[in-house]
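Paired with chain B in one complex and with chain C in the other, chain A is shared by the two complexes that follow.
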Partner chain A sequence: MPKLREILGHPFWQAVALLVAAYLLFKWGIAVLPPLVGFPSAPVPQSVVLQYMLTALVGILIYVSYNEARWRRFKEPINATLVDANKRWLRATLLVLVPALVGFVAYDQSRPKVSAPLQLRSIHPAPPGQITVRGRTIRLAGLENPLRSRGTIEEHSREGRRVYYQNCLPCHGDLLDGKGHFAHGFSPTPLAFDDAGTIAQLTESFVFWRIAKGGPGLPREGAPWNSAMPAWEDFLTEDEIWSVIIFLYEQSGWEPRRWEVEERAEGAGHE
Partner chain B sequence: MPDVLALVQAAADTAAASGYGRFPGPGARVAVWIAAQVHLMFAAFVLGVPMFAVITELIGIVGKDTKYDKLSKEFTRLLVFAYSATALWGAVLVFFLTTLYPQFWNHMARIFGPSMWLYVGLFFVESFTLYLYYYGWERWNAGRAKWGHWGLGIMLNVWGTIVMFIANGWLTYMMSPPEGVTVAGLPEGMTTWNAIANATWIPINIHRMIANAVFGGAIVAAYAAYRFLAAKTDEERAHYDWMGYVGNFIAISTFIVLPFAGYYLGREIYEYNQQMGITMMGGFMSWLWIVQAVLIGVLFLAANYYLWLGMGRIPGAERFTPYTKWMLLVLIIGWIVWATPHTMIASREELMAMGGSHHPFLNVLGVMSAKNTAVNIMILTTFLSFLLYRRANKRPTVSWAKAGTMVQAAMFVLSTGVVIFYGIYGYFVAALVRIGFSVYQVGAVLACIIGVTVIDIALVRGAESRGAIQWGRMPERAQYALFVLAVTFTWLMGLMGFARSGIRQHWHVWEVMQDTSEFAATPALGYAANVISVCVLIFLGLVAFIFWLGGLAESAMAKSVAGPTAPIPATAGGE
Partner chain C sequence: MSRVVGWKEGTMETGLIALVMVLAIIPSFHLSAQDIERGKAVYEKWCTGCHGDTGAGDGDAAAYMLPRPRDFRRAVYQIRTTASGELPTDDDIRHVVDQGMPGTAMTGWKSRLTSGDRDAVIAYIKSFSRFFDGAPPQSVDFPSAPRISDDGIAEGARIYGELECFKCHGDRGRGDGTSAPTMSDDWDFPIRPTDLTRPWTFNGGAEVEDIYRAIRTGLDGTPMPSFSDVIDAEIITDEQLWRVAQYVHSLAPGRPRVREVIRAGRTARVPDDPTDSAWVEAEAFYVPLVGQIIVSPRWFTPAVDGIWVRALHDGERLALHIAWSDPSASPDPLWQEWIELLATTVTDADGALEPVQGPDRFTIQFPARLSDGMARPYFLGGDRRRPAYTWRWRSSPDQLEVGTSTGLGQFVAGAGAASDVAHQAVFADGQWQLQVTRTLIPRDTSAAPTFAEGVAIPIAFRAADGSSGETHVRGSVSAWYAIYLDAPISATVFVMPVVATLVTAGFGLLVVWRAQRREGTRRFLPEATCDIFSSSRCSDSWHAAAAKLAHRPATRMLVPLSSRSAAPRSPA
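Right, the complex of A and B next:
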């Protein structure tokens, strides 16, 4: 027991223990702990685990080295492994193991795999200044939902609900959570509108552009193959698109992002 | 030789026909990119260093402390060398622009011609002011003459700042030209001044002025670190340890306000054109912000690490040691939150497990509410490190010392509370309201910094010393932290400069003059990062040469003082 306490009090083994604890937290803790207190969670992607582990490693190295005495003690086992005569076998083992491990990681990273390569994806590609929908040119900057100044929201929301359930439900789901019954067939999966990072961040004009032009209308940075959504301008009228947008915001409870400069709206709209 | 001439002739012919010249090897865009970037890095250095050269000189004059005067002169010696490099790279840039992008340059010259003449005139004035400032150092070193000399330093700053403002007018015009401008030029009734004072001019001016001071401080600190590692005597080590501390202090204390200026610039860009704004923050440039978060995390940690190591040479600092690990933990958590991507890079299986590209739990860390909160708390923690460093060897003697310290602590608690409150509240309000919350968060942090500093200055006045700082007794790894700072700042400058410039996409001048060259497409992030890394290597290589020259000039001076018969090697700007 005193031996264990001595080991745990040593900066080198403290650093190792902290690294292991950090890995356990990032790899499994984040997936398992939040659901215990009622928050949804999921396994963390490997790229993010790697990023977090590098952060933790930097923090741990700073911890062991900002104090001179602790830094000297931290280096003791490393120096001993490299120099001491009675550590010859450990040295030889590490000499084989470390390059083998590096070699394996390099092999594993570069070997051909069946899955598609990972890629950066722009979730909010920049919209064009203007688009043409069914032969009409629409300027997006400053554009507001025209239905909000016409009729009642309840009426438009009801119409939007009809449009949504006839067209959007199979992918975006009954709960607007992106988990419709076709959703599992797509990569990337359809957007979840209840997420704080999707329509809650966007103006209605942006959502209009995305629905009207769909995957084929994504700019290069978004890459058309990153969305299977059809260009809905081929199937829906402008008013139907605007009404489904009202339904999305009404149903999810989010407020659309508003334009900051009111004067901008004056010149905007149909030309 | 005839081959080279043929190549030049071919380039000229192509330029005449298509409006673009050809550059062998990497192509015209990379040639202009490297020239502009390296010129900008040197320009930032020669504009940043004079700011604190005059401040340290003033401290020396008022406090009658020659140590500060010597430091100020040493800053200025680096400036003399760096100034030539800035001018050389500026010339390379202009020649590249005229030969490789002649139509674009013609457009710019048509609009900005008079300001270009003024720029060149001020460049002359600035050069001669710098030479007078440096070479007159020993001649005007006492009494009223010394104040006159300090006035030269002020004028050097004024000229340099005006020169930068003029050039900023050109580049911001490319991003946010006034309405009505066409390829042919300015519309009736609009002047060059209207083109200069465009929508993003003031935010860029502010952002660059602060960033120049940060950059200058970081490069000077790296110079001090280099000289510290090469020092042969304890006296030298003590001097360069102190110089490194001053450089780091200037870099980090000015860096703390830089994110606010950057935020203002980003807002103006977004207001000018939402497409540019979204490309920058939510579109394909958004990954650069994750890279930026990682790099700024490195900066915060390196700066704090340097301070904590420095506390090892301050008697009395040991009483703060137990708090350090908690500050480190706060910084690490802040760094993790700031650098957590909203849209994650994931395999198909991982995406399916998450139910999309947003993680169901970590997605709350991906939005601005979390990131603003994290960065503000990191700023407060870094400020606390500075405060502990400053207080380490002082025992306040004022009667209200305990109450004053408690008020300072209350200010920290209050501002942290405000930052966290608005951070959490931001999740429950509309985006437009949330954006406004960042002002309250920043306000709380700035108020805390100003309030605590004012109290601290009064509190330690006449304080007893627990022992003098043992300058020079600094571990070598602390010097490497200063190198990390300089390299990271340089790299960040290039990367974020690319983000600002790249959001114009295929426009030379946004929605006025289109880029129709073969390089019109915005480069991929990996490619851009490679080009920027090359720029950083070129700049740091030249800076290393300048550092070496600085040492060479000093040893020449030492020899000439030691023996009048010793030969003095001639160096650029030597003594």
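Right, the complex of A and C next:
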């Protein structure tokens, strides 16, 4: 198909194809990446897409105008559309469609919209270096679950099951899917522990911080005012918290992330 | 014609049906040790937390929910196609295990357990009772349903009265019948007659067939009777019982969609009281409420689990209309027995429930400052840093307080003039209707937030039923929602697009004209315009006129454009 090859080799159509590809990538491509490595994802906001597209456009213009011949070839179809007699239909159509589109966008922008105030939140914000739980100061970096070196896992898991069913169940659910019988009343909804993007990604010390300090202990980027996650230091002892952590990993089948790996990588913080 | 009303979802494949029949025939003690082991393993991993190691319904979480988890040792099952007092079929149990029981803590397990695991666990829970050792139970033959019609629904409403469903469920079905305060189940736990206007909480499902099954075979172990005997006694016909089911089904919509933004429509003048007909027309928004299980003392068994919110404004005042089901205007001496039973049933995790009735309460909160950007007060009544502007209503004495709160129960009256806010509450047929009205601009703008049109303002709700011992802290809560006051549409909304269109079109024409002039193909506008818009060649008169204007021979203009312009631009 020489025709297709001609089109593909033409700078104008190359530029169009690049723009379309860039749009698809920014709009949907980026959002599929995090789940591939086990992180939850969110759609890219329109304003960010627009910003990226502008950058892409500048790049493409530099490419087509880089050499004189390519620039001339690039302009040809544009020029032809503007002047050729046999393109008068295309010209007329564009002269009607483009202003109409601009008009519509202008309407869409100025029309009053009913939308909830934007509440962006980071699901796993950086934890503090140390926390004070029931009067005891605990350094989080390198902190291990003390119960793992004492007693048996079955024992701790049984205790953790009791703690979980008496405290966490209505929100996080008996299936650990974040769909307990009260979960629908909260926003954000309780996190699902069977999901690869929560406790499976975290060290036990991070989980300990989240349980002990709950929603109110989140930094600003975690939108602490919306989180229904209670601060469990008000209800549970340190050992109870560590045992429910063991239960969460036993029941879900995930392994906690280990410190060794991170320390070797010289990164004491979490994502 | 009669047929067995089977289960819609689940065991449709013949293979599975065969398997289930085989399981039903084999008495539990004939199950292979391996099956028992598998069922036991599934049970101990997923069911013991509620139903308990021995199936006694006394798991770790049992006291934290109402209704309580089922005690399997007695083999009493609610959701059955079999007659009252009989065992359920395996299909019946399978249905509950697959779908769960809406309105309770019992979840559906279809997504988590394999079909084989579910069969094994069903066999295992049957092994908790010797009753299953006998012959397998038989489903009742249900006749098919008559077609739904308005007359049929009216007939159903009549039979609802004749069978005295209202004694438990109330005249309007809101669970406020005269027997309601005295009710307990076979285990002496308190139980509420279902609020029939909330079909998404029906334990056995909300379809007409589900409702028919519930009234035909009853919910064993609860006061909900089976009405098979009235058919057998020929007091009513089977068709009439279907009519009752259709009537109950017609009482309410399906599970409402929860929307984050509540719209306050614009009206000429906001209504004065909650029974005004304007409220019937206003759009209703459903807001789910759940138990406050976040700060001490927690409350795991809330009485109010959802409200309907309507809002209107007239440019000067905002009026909110809140409606929720509550079987009693608390305190009510008739309900003393209820609260005493409740106090011995629910957990006293954070302190015992005193069997003392308080008033019913309703709380509405907004951020005290709307200028904090994304940040809001803590959704449970605010905090010290960001307090919540709060309206607290109580039923007895009927009173609405205006103030600022810095946490649940941490309330200081007097955010601006209390007289800014007016309210009226009406209790009827097991429902509270509360209207609260305030001027959009408060008298003291430094003390209370201004409700501006055209922006979403955060809003949250809390409710408490005094007859269930609920208070400001022990009660039900909502997340943050938003309320949006419709703004009159400004002229710019229409002017902007027109201007944008015209400017773009003008710019487009200019570009075309410039390009054509540069190419030397056209020297002036009329010809260019003609070229753009006319389909065939422009009429001669056009060209003549154009030519005259340009002082050029008309023939030159008629040379086909392409033949001249193509040459220099032919592809390299």
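Everything below uses one rule, namely that the second predicted complex is superposed on the first by the 142 of 271 C-alpha atoms of A that agree within 3 Å, B and C clash if a C-alpha of one lies under 4 Å from a C-alpha of the other, contacts with A are read in each partner's own complex, and residues count from 1 in each chain.
Just so we're on the same page, a residue touches a chain if its C-beta (ideal position, glycine included) is under 8 Å from a C-beta of that chain, and two chains touch if they have at least 3 such contacts.
Model, not experiment: these values are computed from the prediction.
By the document's definition of touching, of the two partners only chain B reaches A:A141; chain C does not.
Look at A:S110: by the touch rule set out above, it reaches chain C but stays clear of chain B. By the document's definition of touching, of the two partners only chain B reaches A:A192; chain C does not. With both structures placed on the common chain, the touch criterion links A:V44 to chain B but leaves chain C unconnected. Contacts of A:A200 after superposition on the shared chain: chain B is touched, whereas chain C is not. Of the two partner chains placed around the shared chain by superposition, chain B and chain C are both touched by A:L118. Touch criterion not met for A:L57: it reaches neither chain B nor chain C. In the superposition on chain A, A:F235 contacts chain C only, with no contact to chain B.
In the superposition on chain A, contact of A:A17 is made with neither chain B nor chain C. Overlaid on A, the two complexes show chain B and chain C touching the same residues of chain A, namely 115-116, 118-120, 177, 179, 184, 187, 220. Remark: chain B residues 270-271, 273-276, 278-279, 282-284, 286-287, 294, 297-298, 301, 305, 308-309, 312, 321, 324-325, 328-329, 331-332, 335-336, 339-364, 366-367, 427, 430-432, 435, 475, 477, 511, 521, 525 touch chain A in the complex.
Within the complex, the chain A residues that touch chain C are 73, 76, 79-80, 82-86, 88-89, 91-92, 94-96, 98-100, 102-107, 109-112, 114-120, 161-162, 164-166, 169-171, 173-175, 177, 179-182, 184-187, 216, 220, 223-226, 228, 230, 234-235, 251.
For chain C in complex with chain A, the residues that touch the partner chain are 45-46, 48-50, 59-61, 64-65, 104-105, 107, 109, 111-112, 258, 260-261, 263, 288-291, 293-296, 300, 347, 349-350, 374-379, 383, 386, 454, 456, 458, 476-482, 484, 486-487, 489, 492-494, 496-502, 504-505, 508-509, 511-512, 515-516, 519, 521-522, 531-535, 560-562, 565-566, 569, 571-572. For chain A in complex with chain B, the touching residues are 30, 34, 39-48, 51-52, 55-56, 58-59, 62-63, 65-68, 71, 115-116, 118-129, 140-141, 177-179, 184, 187-192, 195-198, 200-201, 203, 206, 220-221, 255-258, 260-261.
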